[in-house]
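In structure tokens below, several structures.
Okay, so subunit A shows up in both of these, paired with subunit B first and subunit C after.
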Partner chain A sequence: MPVLHPEFWRLLSPEWVLVCFGTLFLLLSALPATRGAKRAIGVMALFGFAVVLVLCAQTLAALSPGMHVAALTGLDGQIGLTVDGFSQVFKFIFVLGALLTVLMSFKYLDVEKAWTGEYFTFLTFAVFGMMVMASGVDLLTLWVGLETMALSVYVLAAYMRRQEPSVEGATKYFLLGAFSSGLYLYGTSLIYGATGTVQLGAIRLALMDRLAHGGPAAVGFPLAAGLVILSVSLLFKAALVPFHWWTPDAYEGAATPITAFMSVAPKAAAFAMLLRIFVVGFLPLAPMWTGLLSLVAVLTMAWGNIAAMLQNNVKRMLAYSSIAHAGYALVGLVAAGRSQSNQGIAAVAFYLLVYAFMNLGAFGLVLYLQREGSAGDQMDDFDGLIQRSPLMAVLMIFFLLSLGGIPPMAGFLGKLMIFYSALDARLYLLVVVLAVTSVISLYYYFRVVYHMFLKEGAPNLPAPSAGRPLGWSLALCGVAVLAIGLYGQPFLHWASQAVLLGR
Partner chain B sequence: MLSSYLPIGIFLGIAVLIVPLTMALGWLFRPKRYDAVKLQPYECGVEMHEAPAGKISVHFYLVAVVFLVFDVETIFLLPWAVAFDKLGLFGFVEVLVFLALLFAAYGYAWFKGALRWEE
Partner chain C sequence: MTIGWILLSLMIALCALGVVLARSPISSAISLLIGFVGVAILYLALKAEFVAAVQILVYAGGILVLYLFGIMLTDNEALRLTRQTHLQAWPVFVLILVLFLAVGHKLYHSDYTPQQPDSLLMVTDQSQVQALQDRLAQEAAAARHATNPQRVARVLYGDYLYPFEAASVLLLVAVLGAVFLAKKEV
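Our next item is the complex of A and B:
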């Protein structure tokens, strides 16, 4: 008999409220409607995400520290979904990203005259998939979440379907993504064959048993191969080197608000899944996978930052920069595998929160420069911005400083937490690479500053207009980046609630 | 542990070998007399009169997707129906939710005109 937790409806309220909203948007978008009516769906999406954000915060607050709840148990008595501090903290980040994305979408859809209800439907279901990715505790439930998210995001990436780059980028993303989903299942089947279960907790017990009886040699080839194949597919979703090739094209081609969303929320979801699988399921094998992921982290930080230096398209530059930032977050994951404390996981959660604000802010500035016939994503579009709109130029400096990790911005504190957790786990090589590549990253962030301050803009260029929703979201991101940087204590405390079930 | 995968390995080997093997055997034994009729895609049957690669209406894809909605519905309903007595009220409500979501998608396709053939 399947078992619902007595407080199922309250515990999983973010999920089911979101599904209700998504279905509503789907049905509404089927009706023939004017542009104004479609805009109304956007306003409803804004409301919906705001409600779900509150629900996420509420469910997190209702959990006593370290507590976790098996929210949904399957036929065989095995837990499918769980609600713990970790899942709720990550859900908050996803919904926050989606909320800011919806705010930023208004101007883009106005300028491109591309309002549809489906845009918000897919956004809603993508976030729902991410929530399952954060809450699932067996490999197949996690996969269902992953696919729900991925299919929605493929469609969103191809949203501007009359524009060739959008379709090209989305096709690359889809083909590689479908392939990596297949790899995930292949890895899962090998792990199931070796351990007889897809439950993360049971996998962990099986591994401990095996290591206790035969030592590292008893791990066996199928299990090791399964783990490597599984991680390849997740590294692909988080866009880590050497599985990042789809990223620049997909990010450059997609509609700018969707690019912003893709660089924040699905990445955070992939990290939630990586953390859950590696730190809960495969912790006994930590000596093995930390080595592998350390290598990936070094490659990612180095390649992401070096390739970003060469870009003249700001969206592409931010795409490579987002690869590099995923590398920083991966250092936190490796630290979580190496040390016994919760510091690494909290550092990743905090970093992803900060990253959501600063990266969405930077993409918001691209949207601010967007005008009819130009996406506003060339370096030259930023020329002389300080004269045209000083306030926005200053905001962009906030975001860039934060992305570069300069105090007193939030990005500095985020990097510091990753730094500490890595030091705590004695990952000295990763610490050095993190520091050096952060310095390299300043070069390309300051190139934008150079364009804004020292280059003369084209004469007679009209001052860009933000529109109110975009203005609000930029203001929110700017305030958050500064506030978290200056007074990070409550936010650090919030992130430290990200405790994994069964850790 | 690894030895239990041996039968799979043998099957894999056979599967890989069987294609080149049969092709090589055919090449070895068949008479090789080529002429215009022999080289046609179909040696007997209706005469060819058109190149095969034409445009395919996008409606076929839409119909295929709508078909998928019902197909998936049936696939998931069947195990539920088989275990109906064990699943009880919970399973019943679960299936109703599932059907409602599918019908929402179906309604969407309907209202959008995916089922209208002539435009």
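Our next item is the complex of A and C:
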């Protein structure tokens, strides 16, 4: 039994430690307690995610140069999951996103007086689901992870259940999400019917066998249709055009720290799953799915950026901008399918890391402007911020420049890596669209800058307060965005460890 | 036998349509029940007796009863009134059909050039493939002698042990989420 192997427990330590913490928060939140005690759960969540972050880094460092450990390969379907460089790099990104989210939640929960232990429980279990999504090597294990994450995030999106927008956005998200989960299973059943297996490695062998013996015609309609249906459900989870309609409403309605979380971690998890399924399981069919995904990438980059220009609500604007950023990352995925090198996957991992810092930072500024009775998410809330709190205005400029992909910020380096990987794979059309839409995106990012610098704020408005945890998280994001941009080498090296087992 | 398959599949598909299209929620629930039984027969025909029994017990016996309770406790008239007829439904349906055909066409006529197998093979060692095939054959042989529940157990607690354990977290989250959202006080 591989399960009883001590190596198993060591390699899966991020998962089981996280589940232990989640259960602990659950039990604690059942105790009748004051707000101070609920806050203590938040502090514990901070500690828990920090521990798991260290464990993720440790397990990544412990991997052999082959990037996986035999006891856990799961390639022949031993237990349906694997621990490879890829999974550990992505787990690190998820936990990092959750850690920053917890830091940012303190002010929001204080102002809204909405402290509960469940908030952190769901956050913890959502991250557990993401970890399964990054590690799973068969379609069913991946589905269990996907659902665990999705259910937790539905609840978190509806967390402010007295506020109508929150409930409305969460309901849309839930209905469409449930439908897309059904689609995933339908696609899986078609693939199972065609190949007789749900394990990605075996699917790949079956595909290669068919292509070698019968040529393209032997792939068959059920298998191809299954792949398309499967990808639709994953594109929905990653909020890519044309499956993005739930995003603006869900993002605008949800509590701001949850919006920040949703735009970073579940998106990264969906990309981990997309990469694993397409680049390991369906690589022999790459000519087919790279075509489809290229189309989606073009639509996503174009529509995400154009729609973002029209928004007056900063949360909604950032929602559309997050759609556009998913489009950039998708270019890396297409590149990974087209070329033999690992560059595309590393570029996606690096981009998602950078994106986590800069996007969480931008949402952090919205949280900074939040005060009693106002979410701080209107463009006008940013008016004259440079006079009220110059430091925060400068930080916001860092994040916006980075999101827009302007050098010396980290976002520039991230886009550059995607750019290189796409050039390497000769995806010239995607490269052009990426460049043009990046320029378009500057328009709406600079609108915020315009509001901060050139507009007069309302008189007598007090300077907003950050509170210490939010201040730390903003400082951390700002330093990271600048540091990765100025000295990216170690981070690029780190991302290049994201090697998919079996690729 | 083939006729039987087709009839059964048609029956299940019709019941599924009935669930969506029926005007009264009770008729929906009854169609669902017949659909569940149809699926159970399908499992029986596939010699998965255990799964068929579970299907009847859990879905037809448990979940459907819960649905009926739910329908009893909600306002039927309100449900009937909210029935919507969308004018845009037909154009959208046509659009979807066109897209589906376009994608299907593309799938049949794309140019697959199989890449070099050994650069792609995840198990570069041919002996590993052999070992995998041997193991699978061995398991198949063992499975022929096992009873139906034993085979299910072997898959569930062997190959799928990890997702099985992860599913317990999934169910915990589902229960918690339902309770949390239905609670009065935050």
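The criterion applied here is as follows: the second predicted complex is superposed on the first by the 487 of 503 C-alpha atoms of A that agree within 3 Å, B and C clash if a C-alpha of one lies under 4 Å from a C-alpha of the other, contacts with A are read in each partner's own complex, and residues count from 1 in each chain.
Assume a contact is a pair of C-beta atoms (placed from the backbone, for glycine too) under 8 Å apart; a residue touches a chain by one contact, two chains touch by 3 or more.
What you see is a predicted model; the values in this text were computed from it and never measured.
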| item | value |
| --- | --- |
| Partner chain(s) touched by A:Phe221 [first = subunit B, second = subunit C, both, neither] | both |
| Subunit B versus subunit C as contact partner of A:Ala158, first or second or both or neither | second |
| Partner with the higher number of touched subunit A residues, subunit C or subunit B | C |
| Which of subunit B and subunit C A:Leu26 touches, first, second, both or neither | both |
| Subunit B versus subunit C as contact partner of A:Phe49, first or second or both or neither | neither |
| First, second, both or neither for A:Met288, with subunit B first and subunit C second | second |
| Where subunit A meets both subunit C and subunit B, residue numbers | 19, 26, 75, 221 |
| Parts of subunit A lying in touch with subunit B, wherever the complex brings them together | 1-2, 4, 19, 23, 26-27, 29-31, 75, 220-222 |
| Residues of subunit B touching subunit A in the complex | 1-2, 5, 86-88, 90-91, 94, 101, 104-105, 107-108, 110-112 |
| List of subunit C residues in touch with subunit A within their complex | 103-104, 106-108, 110-115, 117, 119-123, 129, 132, 135, 159-163, 166-167, 169-170, 172-174, 176-177, 180-181, 186 |
| In the complex, subunit A residues that touch subunit C | 3, 19, 22, 26, 75-81, 114, 116, 118, 121-122, 125, 128-129, 132, 136, 138, 140-141, 144-145, 147-148, 151-152, 154-155, 158, 161-162, 201, 204-205, 208, 211-212, 215-217, 219, 221, 224-225, 228, 280, 283-288, 291-292, 340, 501-503 |
